[in-house]
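Dropping a structure here in structure tokens format, bear with me for questions.
Going in written order, the chains are labelled A, B, C, D, E and F, and every chain counts its residues from 1.
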């Protein structure tokens, strides 16, 4: 077996190696840990890109762990969607990592680098696995790592928020296990593809139970994705996290979205009886509410980080509006927008950090502060990030929203969807303009803090913005890929063929 | 060298026996592994047991036999008290037993024996280490009880733990 | 009497004895007047109860099934080693609370133990003197 | 190809200039203005090169590159006569504005930012007018809002600049969002987003049920941008911008975008009753309103702003007629208005620049001090007033000529009369502007004393524009007719009309109305003092106050709502989570199926029932007694014990072992934590909350219990576990199927699981490491344990016993580890047992004494453990198998006999090391912190140990 | 016959556990509760042994072994907590 | 009474009690609630393999009937993970209490919080650079 055959598992194995190595190295030399982290990230990016290239033609790679055939062992499945998420994760991780290192945020506590690697391992595993229980395990890996990262730097605010974040997620994990128990009890399998086949055979007397299982699973994903009303945990958690970490967390809610997109068509598709398209009646209203709440939060936010956190909720809502369409077109739009909103949220958090660093004691509060060094440049970056996050042209948020508008126009409730998307954009624009003008235009009569020694802190947000620009310029290819990924997800037969091979006759 | 390799030889023997009991089969392979672990584990745990009490093997065995018998009897006695003795007839008492034993290990075994045997429970040691506080469930004559315990157990333990 | 019947008899008897002693121990826990008296029940009656059950088990698997199970022995060893420690610690808690005049820790019929002769106190109330067996960790 | 390149260059040039200026931010002003001017001039040249094909009626220059095919968004560019006309205005006036701004801007101003923003705006504006795809048009449309935000807010230190910028962004950007909706709907209705295709499908669109929605949304977009009533209020506040910006944005470009779009979509949208009535009446109202207000403003730029509103109203009204001739009038007036209004804004800028004020009440008689400016501004104002022989006259005539052709609301005279009224006020404010500014006596000495004409750099541009305004009246046929004709044709989408432009049309109604307007205007001017007094007494609504009120209201209440619902309260988060889940479960349960299945139950034994009572009782006690924390832990131990017994009873020995050992570690952990937590916290939940929580809790319990019941009473179907049972021994080399699943079939889960535990250990370490410093450290130093303590730290019997228990327990751990593959046990359980053995040491002999003797570091154990598991998996890869593929074989050695070696053992070693490391790390750290706390307290007590 | 004995054994241990529960709830002192829990563990070991005999399987014995081994750790920890607050110092 | 009913009802009671405690305002009570819920969840997941007496999943040549081993493996993994998470949340709650002086779940000050001798320490932001 050649090494190329192991490509699928490398995104999990690389950080799983780099994590302990960084741990052991960190006890001695930080530079070594940074080097290990960087090497890991670069090789992760290379692997993810290679997988993307492989998946581009529609090939679905399946990797049987321990060589046990599916559905008896655990399989990893690398299709277009998984590859896309892996690339996004790697890119985002590079941005967050470089910001942490350049701003020395990684020194503000123990174990930043191992935790960061384990976080990536959890994310990549969640994106790759084709097994429902294994998904739970990777959820836990990424969660426990996120607890550590979220608390990085500590302080009362983070600790308070941390308690809430952890407790809510523990409840989520419990719900996940209950859902898994129900589904295993009914289908006798854990492999997603296999379960998708077996749900059709669930007898009439068990339909209620099946639907309950599906709904519980979906509610767990919604909790992770911070879909209203299960979003309450997010704001403070993200707003108080170390900004480099918050930037990385931009993808955490997307794990929930991803899982929903992955599991619902695969397991709860047409043939699932009472559980067919299980979240259908609830998803659109919840998505609309999320978008409204999120952008209302952006509208009234009193600090840049708080605003960014609300923007995450709003963008998830927007994204979910598209997901609720469950068509190749709307799901494609959702995936395009998913990448965009992840990068945009990261950019917002990072710019907020840059501003806070340079404004001294004024932090990122939306109130007039000193005319700090490099204000024009930072203002421009904020504007770009805000344009992206609110969905104004020319950045990809606009294209994403257009894609969503167009694709949901066929839904019966399209009027609501449109109204909410357009009105929330308005709220976002006004909110960002207000905060931006307060922070970057208005000056308070106060001592100007010293200019930072370096301008390194601008690098990571600049990369994020550049990527957003690239995502806009390359929107043709990107939306095409996203659409193809969506189509592949919506045709579970493809992954059934790839995963179960001859096990299914 | 022997001290290094076998910091607690008695313990090593005990561990090998224990291993054989756990494995539940008599084979050279099992014995081999048992001996390996019986040597390695005490070396590993030696830092946590810096003292090296010497134990005489034969008296220890006979002591164990006596104690086992006493346990049997004690249980019946206590059962009898629990079932049939009225509370107002019960004569519980605190006994302060002067200790002749000096090593903590020996005192512990003594106290443990007292706890396991007729109607007595070791509750505490004095701050100076010379008295053992024992609670007796039914001791109409506390002094006799003290004497009995000292002669039956402590004397034997002195022999077992003597250097 | 065949081996099998003997086995049946023996095991049955041991089970009944074991069960009875366990029950008596727990009954003592219920009926005896104060903590120190109750402490006698579990540390003794139950050990024999359990011992009988463990012997029953060894006998059953050997006589009826022809296999030696020996883990029961280990169970007893561990119990005999740990039961006095548990009792000791619980007694210490009682002594401590007695000294603190904790209302939920009444003295019981034996009263409060007098300090040992020689002007010292029990270890629960006074730091064990250096160099004595009670000060064990210093070595 | 050449055309394509030209088009692309045309649209990219301003952006390139913006980028260049931004990059050369630190360079002197001349560089910035040179780049900006050069780009504008270059654009003009490119545009000129396209004039032949664009206006000649031949093949219209267009090019298209695919951008987002999935969306139908192409980078399509097209220069038709309408686009060309607007391009000319954008670039031409842009060039003049650049020149003007170069002279106008003060010394220390950030010209880099100014010109970069200006060029950004120019590019966006140009993009709007030459976009060949409506989605692309939207891109540029919103970009103009953003760029204008930057330009209006250029003087960011001024509050009115910031507010004006935000208001403009809110209104035009918000309108743009409506436009997005309208345009996407339009595209969906027309089946394409290509402009030409859309323009060709007017009938389809107008017949579509979506038409009213499309029209409404598009009109909102146009009206907001072009400051039509009731969206007009942002424009006056945008006057906080520097005058060059106003001259550019509010004469020829930004505000004209709405008019442009109305014109652009004329073939698709115009002609219906709805369209005509709406657009005409909105335009009419705006025209009159703007003109009336303009008469009573005192700020020069404010007067110009309202006049702009009025003039735009006229344009909108004309387009609303849906008549070719009206469209032609509109096109001509676009040209005229651009010329005179840009000239006027620049003149206002000059006046402000040279006198230091824009308040018309402080100025007057400036003609003597600044004659050049006076001539320029007066002529431009005359054109605005529609006086002959200037360009404004001709377009106003054409407008008035059209008014009787439409009976608005069925009343034939309504339009002519009201339009004339608007024209009357236009004459009036134009006259006032010129007269009060340049003629009469100076009202205040100070501004007048300063006043003088600026250099040619500043007046050159307005002069050129005024000359244009004059010439448009004098020689309209040669100067404007071909362009107007072509553009009109482009607007209507029909054939190019024949255009007759002349000052004299003979005696007709239009002339009469025009005359009436002039006379009326003069009359109003004469009565200005009295009218002004009346106006200022009148209770008129202030749009800005209203807007601010609305915004503040929205902010306050949205903020209140968000704060009320989103203050991070864990209790609410959890309540919502549980409640939502419960509702979903109830919804699921509604969808059919039965509660109790057909599986035969297992009758319970007596101790089973007692154990059940134990569990229920202990659980109830936990809830009932939850304030007494130690007692609660004892109850928790009972629950754990019963659960372990259940696992024993229901054939799950591995689980029982795990539960038993985890239980002990959990109790130790909770006890350690409890020591530092408040011992008897008061109750802080209100009674109603308790009842609500209890209700939810009971619901949740019933639901989950019900699901469990439903599950347990159903027979299982075929499960993949059959494969595991069949292959554990032959394929996995172990008889303990659970263990083989853990280390082999699903070893990947276990791999993740040990990482979770390892990270938990690390996270706990990171949390506790800092507990001794900062606020926590201070608190720990102040820590007092109210509980009286026994002085004895290390009870002798316990210490002595722990010394022998350690090796014995380790031996058991090793045994459980080695046999785990075949019998209950395994790495995880063994690790817990070993960890407990060490914890007993800590418990008995104290942390320092025990820890000092420990030959391993927990961090290293975690790291090496994960690495060992990793390496086991990768080892398989090196041997050519998939990750974690197991290997085992049976060997035989003399004396020792047959034994098995399996890679799973190595993997399990990794599990073992990680778990030992994580558990000890967590508990030892926690104990250490309590110890530090105790030590700090002990020191305070005066040396008591 | 063995069934009868087992039934008796189960019943006795069940009753014993119930008595332990009574003491657990009744107290009065926290030491009584710890003692009740300790006794419960011992009775549970007995129960496991009986289950082993009844089901003819020795697989549960490790559970008994483990309970015997670590059961006292809980008791000691509770006691240490009450004596010192800090269970590990 | 069947074991099925007992297990199902025990799960229900544990979940109910767990939810109630998780909704309380003190971190320790919340931890208790989560602990009860996790017992219930482990039992629930275990129950997905149904209840079987006397057929442990230890392969033996003569035996053909076993209980379902898979849920057991899943529960084992879940127990371990839950333990790690519980340990983390306990220590986080404690740490938050030490930092803020309040054991309220939101870190709020509540009346009587000075009862335990944990006097108000000077509030710092606490974000120190560790000695790395």
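One rule holds in what follows: a contact is a pair of C-beta atoms (placed from the backbone, for glycine too) under 8 Å apart; a residue touches a chain by one contact, two chains touch by 3 or more.
Everything quoted here is computed from the prediction, not taken from an experiment.
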Contacts common to subunit A and subunit C (chain labels): D
D-F or A-F, whichever has more C-beta pairs in contact: D-F
Relative to subunit D, chain with the most remote C-alpha centre: B
Distance from subunit D to subunit B - Cα centre to Cα centre, in angstrom: 74
For subunit C paired with subunit D, centre-to-centre distance based on mean C-alpha positions, whole Å: 69
Distance between the centres, which are taken as Cα means, of subunit E and subunit B, whole angstrom: 22
Subunit B and subunit C: spacing of chain centres that average the CA atoms, whole Å: 13
Residues of subunit B whose C-beta touches two or more other chains: 18, 22, 104, 107, 111-112, 122, 125, 129
Multi-chain contact residues (two or more partners), subunit C: 25, 27, 39, 41, 47, 49, 69, 71, 74, 78, 81-85, 88-89, 92, 94, 96, 123-128, 133-134, 136
Sites on subunit F at which at least two other chains make contact: 22, 27, 30, 42, 44, 47-50, 53-54, 56, 58, 70, 74, 77, 81, 84-86, 88, 92-93, 95, 99-100, 105-106, 123, 126, 128, 130
Pairs of chains, among all present, that meet the touch criterion: A-D, A-F, B-C, B-D, C-D, C-E, D-E, D-F, E-F
Residue ranges of subunit F in contact with subunit A within the complex: 22, 27, 30, 34, 37-38, 41-42, 44-45, 47-50, 70-71, 74, 77-78, 81-82, 84-86, 88-89, 92-93, 95-96, 99-100, 105-107, 123, 125-130, 132
In the complex, subunit C residues that touch subunit D: 74, 78, 81-82, 84-85, 88-89, 92, 96, 100, 123-128, 133-134, 136-137
Residues of subunit C that touch subunit B when the two form their complex: 21, 24-25, 27-28, 31-33, 36-37, 39-41, 43-45, 47-49, 51, 68-71, 73-74, 77, 80-81, 83-85, 87-88, 91-92, 94-95, 108-118, 120-129, 132-136, 139
Residue ranges of subunit D touching subunit C (in the complex, touch as defined): 788, 790-801, 804-805, 808, 812, 845-846, 849, 945
List of subunit B residues in touch with subunit D within their complex: 8, 11, 14-15, 18-19, 22-23, 27-29, 32-33, 37, 41-42, 44-45, 47-49, 104-105, 107-108, 111-112, 122, 125, 129
